[in-house]
Amino acid sequence: MPYINIKITKEETPVTTEQKQQLIEGATTLLQEVLGKNPKTTVVVIDEIDMENYGLGGESIKERRKRGE
Amino acid sequence: MPYINIKITKEETPVTTEQKQQLIEGATTLLQEVLGKNPKTTVVVIDEIDMENYGLGGESIKERRKRGE
Amino acid sequence: MPYINIKITKEETPVTTEQKQQLIEGATTLLQEVLGKNPKTTVVVIDEIDMENYGLGGESIKERRKRGE
Amino acid sequence: MPYINIKITKEETPVTTEQKQQLIEGATTLLQEVLGKNPKTTVVVIDEIDMENYGLGGESIKERRKRGE
Amino acid sequence: MPYINIKITKEETPVTTEQKQQLIEGATTLLQEVLGKNPKTTVVVIDEIDMENYGLGGESIKERRKRGE
Amino acid sequence: MPYINIKITKEETPVTTEQKQQLIEGATTLLQEVLGKNPKTTVVVIDEIDMENYGLGGESIKERRKRGE
């Protein structure tokens, strides 16, 4: 019953349902392959964060994106 | 000053204000009864997660709900 | 498959195994009673935090305990 | 590469972009000044929580605000 | 700069350094492959939780392990 | 009643009690100055993570420190 939380920014191009499914599947498989964890009780939660609520290097990602970073 | 975070899925039928109040009250009372914690400084945060952002068994809850799970 | 995280301080008198079981049981029952969630997939994680790593009102709990708070 | 998560309530007056930038900058500078951490890899995430999803003293903040607290 | 938090139980056989490296690498690669995220700023944090602090189905994992679950 | 969680690595030189107090004070003051939050109900939790449990760029910090990073 591992718990995996993935926090990513909400970009101009939204994350698709298919990509979310790949993240859930990939994270669950990773815990199964590395630690033999049971997928049936592996929980994955994806948090999508507004770019102005996410900071790196003292700046919001919204600002960094304006410079193409 | 315990901190309690409750993550639940955002279902078709939204969680009501009354239910959220019951979760806050119930969690605060639990910490008071079991550990004698002071309700006045007990913090409860409820996160409601989109069903396609919440995975169990390698699948999103959105997919599982389609099968009535 | 709700996920509940409980953060509490590591006090002079440690939290007993029995109390942890009561917290796990109580939190799981709370989600079942209020929202009808399935206990089988309800995850509860208890984090015990050193008193000097836990702050309230700009002070560590370690300092506050010295004043009997 | 410290990770700082700030959870605040979504009040009637929303938090401005400028204030979020100040929180990101301030938290990053704090880790640099106190522990010499590299701002370039310091991550700050701000979560804005609905007032009825945030509880203190067994009540939602939404209820407390009605009493001017 | 995604942030990935993995919570697992501290089992009788501890997680090895090599396994932790595989979890960090695997989670970072997953975000790169699915969302094109830059590994250089991808943060992974692994929390190892005592079995009596981790609950599923209203019971601690410590209790479930006694029954071989 | 903001909640601030600071995750940092457990380095060779441990974080001192004084530094933890500075982090708690600094984070509390930051929320007071920027958003006018009440220090009395501001919670700060510092998590110190083993270097092999903390990854950046697909590698544990333990490995990066071996190269002086």
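By letter and in written order, the chains are A, B, C, D, E and F; residue numbering begins at 1 in each of them.
Here is the rule we go by: a residue touches a chain if its C-beta (ideal position, glycine included) is under 8 Å from a C-beta of that chain, and two chains touch if they have at least 3 such contacts.
Computed from a predicted structure; not experimentally measured.
Q: Please indicate which chain is farthest from chain A, where distance is taken between mean Cα coordinates of the chains.
A: Chain C.
Q: For B-F, which listed pair, D-E, A-E or A-B, repeats its interface with over half of the contact pairs the same?
A: Equivalent contacts to B-F are found in D-E.
Q: What's the distance between the Cα centroids of chain B and chain E, rounded to whole Å?
A: Here chain B and chain E have centroids separated by 21 Å.
Q: Just give me the whole-number Å value for how far the CA centre of chain B lies from that of chain C.
A: Chain centroid spacing, chain B to chain C, equals 14 Å.
Q: Quick check on chain D: which residues sit in contact with 2+ other chains?
A: 1, 3, 7, 23, 27, 41, 43, 45, 54, 56
Q: Chain pairs in touch?
A: Result of the pairwise touch check is A-B, A-C, A-D, A-E, B-C, B-D, B-F, C-E, C-F, D-E, D-F, E-F.
Q: Across the complex, what residues on chain C touch chain B?
A: 1-9, 15, 19, 22-23, 26-27, 30-31, 33-35, 37, 41, 54, 56, 61
Q: Under the stated contact criterion, what part of chain A meets chain B in this complex?
A: 17, 20-21, 23-25, 27-29, 39-48
Q: In their complex, what parts of chain C are in touch with chain F?
A: Going through chain C, the ones touching chain F are 7, 49, 52-60, 62-63.
Q: Okay, in this complex, where on chain A does chain C touch?
A: 1, 3, 41, 43, 45
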